[in-house]
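Same chain, two partners: chain A is paired with chain B first, then with chain C.
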Partner chain A sequence: MTEHGPKRHAKNPLQRTRLPLLPPSARSRRAHGLTLAAASGRFMLQCCAECGRYAYPARDACPHCLSEDLPFRDAPPRGELLSETTIQVTSDPYFRDHMPFRSGLVKLDCGPVAVVGLHRACGGPGSQLELSLQIDRAGQAVLFAKPLLETPDMENDPQWRELTAHPKDRRVLISDGRSPVALPLAKALARAGASKIFVGVFDRWKPFETEVAFDAIDGVECVDLDLTSERSVQDLARDIGAKVEILVNTADHVRPSHLFDAGLTNSAREAMDVTVMGLMRLAQAFGPIMRVRGADGFAGAVAWVNVLSVHGLSSQPKFGVQSAAHAACLSLSHWLRGELRQGGIRVINSFCGPLDTEWYQTVPPPKVDPRSLADAIVDGLIRGLEDIYVGDVAKDIEARLFDNPKAVEREAGR
Partner chain B sequence: MSGYILGALAAALAHGSVRVVDLTLTLSPDFPTIVMPPELGQSAPFRMERISHYDVKGPAWYWNNISFGEHTGTHFDAPIHWFTGRDLPLNSVDTLPPADMIGPACVIDCSKQADEDADFLLGIDHILAWEQVHGRIPQRSWVLLRTDWSKKSGAAYANLQSDGAHTPGPEVEGIRFLVEERGILGFGTETIGTDAGQAGHFSPPYPAHHYLHGNGRYGLQCLANLDLLPPTGALIFAAPLKIQNGSGSPLRVLALVQERSTG
Partner chain C sequence: MVSPRARQNYDGVVLAVPVTVPYQRYSIETAHWWMGRALRALADGAGISHRDFDGFSTASFTMGPDTAIALTQHFGISPRWIDHIALGGAAGIVAIRRAARAVQAGDAEIVACVAADTNQVDTFRKTVANFSRFAQDASYPYGAGGPNASFALIARHYMDRYGATREDFGKLCVAQRENALKSSHALMKKPLTLEQYMSARAIAEPFHLFDCVMPCAGAEGFLVMREDSARGLGLPFVRLLSAIERHNAFPDDPVQERGGWLMDRDELYGMAGARPEQMDFVQTYDDYAIISMMQFEGLGFCGIGDGPQFVRQHTFTTDGSFPHNTSGGQLSAGQAGAAGGHLGITEAMRQLMGIAGGTQVKDAKLGLVSGFGMINYDRGLASAAAILARA
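And then the complex of A and B:
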């Protein structure tokens, strides 16, 4: 049933779990312009500022006019297949596990000719293709082509699945079921075909009205998980650590405060304990087992998602503690990304402005509906992104940070 | 004389005619703590992080770092805990007179009423009825409210509803009577507070805290095994940690109980 992708079935306990290998990852510093684009799902190539022509692969000077002014710019993501090759045998250890491998030579609409990975639904030479830059298992950008029109079960293409983190047939852990994002996220993951969704709930002795709504979703199971307790996190990892292919950390601790408030350090400690130390406890408990399961079959471990505030990138004075906590989480996420990359696990950070939830009651619009954030996270998994900016505030800060970080700092909270 | 009493006590303990009853619940991460509205400061729950476990961080030894709020698990409330007791002498756990750490206990069994009504309140009539049977409550004794609440756990123990916690405790006039008319040393409960779950709506709010601490008396909460104590005659050992200027602390509460002769 390869046409529909193999369904999850119990592993043969007598067989060894295959260990993850990574595709070749050497890239020039220039080529990380492609990585930057791929991380957020953009299609950007170098475009000469003098002659206006596009160039690929990444280089230091324009191949047409030798100008060194060669910035990355958005490019039309289309092209025509010139020729194709299906590789049957290779000596590369990673690709040996992914044979046969279909690749093609594509004439991009913007000019250059590139070698790209080909989705199996693509037609032969002469067909028009949709191009994208994807982050591969080693964390590097590669070009991939799909047909212009969607075909059924496109997500099951083995080459495409390696470049994404599709929830289909995978088991997910949502770390904090009390987060307003958790319920819409569980629904979106279920719609995307996740086979099981564990939802962590802390302080089960407190009322948890949403449990009924979680129970109504097929495949959802609420489990005890308190990120502030080393024992709780480790106990859950002992139980289900080997069954988590996607982990979404939704934990947060939002408390508006002023830097000179009495007792601020107490609430700051609580916030850091839930967010920063919570992420660290999760990483310690679930990171090692996810990392070794990066090649564990069609639905092996694939992604770790941190749900962060965009104010981790630029402090918002009214939510200074949360901003500082998420800045620390961002730093920690880069550390985690480096560790998990060795197993081919993608660490995705979603950045969001104020949510339309209780703690942001007095914050003026625009605010993000938790359902929009949930949909964006699942979309990011399906497309294989690394950085997701959700909502007007986050997108605005992203663009302005790119332009002038000092201006963002000066204007914060105005 | 004292040597004789203590010697006899030691012999009775060895012989088993005096039993030691542990009135303490286990400090664990998932034990409920008092819940305040989230915009207010919160009491930290019990947490334990491993330092080493005969491993690379300490090859021959096992130990942990622990953290908790002063009012976590089975704990002691000192007078300084409440605004009414803030100006009293010797009002914090480090200045607490050691003699006050040992005292007799009267156990008022309201387990049946609490079973029928989570919001059961101990009033003067209940106290007088108890005294009719067991005699007048002696001065400087602990009064322990037995509700068997400690046999519950998790959500049933915290019993949080949308309008707050529903757990038994003393009525305003009941606790005033114990403090002002009987001169008790302190008041102990099996629930998260010495006050009832809904006591924030009383006048004054939280009367047990208000009157006990305003008069230099103490509180014990999250007690267990009160069903193993006789109505009178038990001796309570309640020595909180000596925390500088501390408002309370988790502690081990022990009771000495003399076996009644069956001869």
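And then the complex of A and C:
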């Protein structure tokens, strides 16, 4: 394993666990255009469709020509620092826990001037900076600036770490070790510095070919977890619930079927039990403890990842049950996001196209190597994303849904 | 475009009855209570009933959900002209400008201009957190430093560009404290040395504790009327010679380094028939010393960027070479919300009436008051100024 920054210390049992607070979350409706961009890691600002000039802060008319046609468009994520301050005193309870706070005024290459959070590695006024839109603990978009070149230990900057869900020094639970993504995910998390990786395995008496490979990864521990059993999930939460800072739900149930197959509802119920009910059981057992640990030190609880099929967004007829189950999981994830936000815990959904695995044998390429999915999830944690689209099929569906959802529906399965 | 037509003068417009309701650091009362105290003092000072005020102009951050109209019922008055000026530190001068035209035109005879804010335990945090849409969207979520953080960015840039130092800011703060010690209205009653200023704890670099105003509760008020009315009531008064306001000036400056005064100052001095060096004192809007320096520059007391040099060349106490913020300003009197924009006006009136007591500037005949306000996002948007003269 790589060398860490601040080492995890055993917690002093006499010390009170700090409760999570949230940064100021009031935003205008228009400003949520930034939230949309931040969720998938894009840098978008309003750009006037009539005069072509960028505008910031978010507004309802172009300050140059008063056009109301101000869509959010990709913008060059660069700028020059004009001035900076380090705030030592605030009356806001969340920020009081995060003093000092370095902020600056940046002249964006695309025109407007923006107040941004500043990484401590940034130089002073005159420095060129790279900007990004980030989702903060309250789920709202904020601008953050880093130097153009990476410096050592950048991920340890306290302000930056608040805006991401870096696995470094954190403990992770992967809910289903039998998922094809579980092993590459455990490897990628270990590379990113996760201090412990619990891997849930159901029916451990059954053959589990990858167990040796899991055991070879530093910090991995396989644990019993059956997502279809309330008791199993609760038992595990009692054992390790307070040690999970990132939870990745990899549970899935892929079976090709036809809507008019006899007995379909039985297999569908089974799929729903693993996926939808499984997610609900996990949420009930692990959600409450993660939510109160959102401010529990440098490596407090930070993220919940749902590994979903992109067909949860648009049904794929050959895998209609899985599509429906993942659509339900998506809805449930929004509910969970609302609950976990109160603890500053980020709920991330990854939307993946068909994997290059046995159950998708009949599906033509392009398909996604499970290693790519694993890397995309860890990248999403490191960058602090909320929606991750993995693979060409998922990216295609994302773009087409944005363009015309009806066309996606009509062309499904063709 | 704005017509080049010369503005009508303010001949015959006067200000009377300067009122300051003594400030408190914290108050359990509402803004309405403070406004009521000011209105009572105005009526007492004028020797008439408050129901005789047929014009009523208010400014406040903490009166919500009420505005001036609700207060007419609250205070039992039936004015024929009202105004509610949500311009923070520029509200005082703007109130004068609007009220002056109302009395000139005969829309009102006597306009009571009042600014009041309370400061309950959590008032300041709530005001800052809900200040404006741009602030909520794009500045408050970055450390929630409030005005300290926003003006720190402006100050740091000004220091980098024009060579101002903390000592320059400190010199103004220390001089104002010296003035405050002679004033009966100031909350800050302990002497302040430059050493104490320099070694105070940091708030938002480059600002330290004594760069920042102390939020408090208080009220300021005055009456605007025609000279005839004042004479009829037997009231001492000061004359309004000229007044300007400008909003969102120089929007293309990436960082604010000048206010709107620069755009209108020729008109300010032209209408008054006076030059900057004739002013016997200046009351700037001093939410921070850097903003006072921008006013020295913008109002023509020195060139743009020469603020630091100007500060080093002058002394700013009531007996100094450039008497400035003679009551201690907001930095030493306290910032009573929107009343901070009126504090310089009432003090200027007292100076010109010769009733300023311990802070009296000798032979004060002409004074300049300026206002500045509303840091909507990254800069203060409103700037205003007026020249007043002894009657």
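General observations
Throughout what follows, the second predicted complex is superposed on the first by the 409 of 414 C-alpha atoms of A that agree within 3 Å, B and C clash if a C-alpha of one lies under 4 Å from a C-alpha of the other, contacts with A are read in each partner's own complex, and residues count from 1 in each chain.
Criterion: a contact is a pair of C-beta atoms (placed from the backbone, for glycine too) under 8 Å apart; a residue touches a chain by one contact, two chains touch by 3 or more.
A quick note: this is a predicted structure, and the numbers were derived from the prediction, not measured.
Here chain B and chain C are compared by how many residues of chain A each touches, and C touches more. Within the superposed three-chain model, A:Y56 lies in touch with chain C and out of touch with chain B [touch as defined at top]. Of the two partner chains placed around the shared chain by superposition, chain C is the only one that A:T86 touches, whereas chain B remains out of contact.
After overlaying the two complexes on the shared chain, residue contacts for A:L105 are found with chain C alone; chain B is out of touch.
Of the two partner chains placed by the overlay, only chain C lies in contact with A:A26; chain B stays clear of it.
Legend: residue contacts after superposition of the two complexes on their common chain; A:F95 is shown touching chain C, with no touch to chain B.
In the superposition on chain A, no contact is made by A:A121 with either chain B or chain C. Look at A:D136: by the touch rule set out above, it reaches chain C but stays clear of chain B. By the touch criterion stated above, A:T228 is placed in contact with chain B alone, chain C being left untouched. Once the two complexes are overlaid on the shared chain, A:E270 sits against chain B while remaining clear of chain C. Shared interface residues of chain A, touching chain B in one complex and chain C in the other, do not exist. The touching residues of chain B, counted against chain A in their complex, run 29-30, 32, 35, 38-39, 41-42, 44-45, 47-50, 153-155, 157-158, 160-162. Residue ranges on chain C touching chain A, taken from their complex, read 124-125, 128-130, 133-134, 136-146, 148-150, 152-154, 156-157, 160, 201-207, 251, 254-255, 377-378.
Listed in rising order, the residues of chain A touching chain C in the complex are 23-28, 31, 56-58, 63, 82-92, 94-95, 98, 101, 103-105, 107, 113-117, 125, 136, 140, 142-143. By the touch criterion stated above, chain A contacts chain B in their complex at residues 203-207, 224, 226, 228-232, 255, 263, 266-267, 270.
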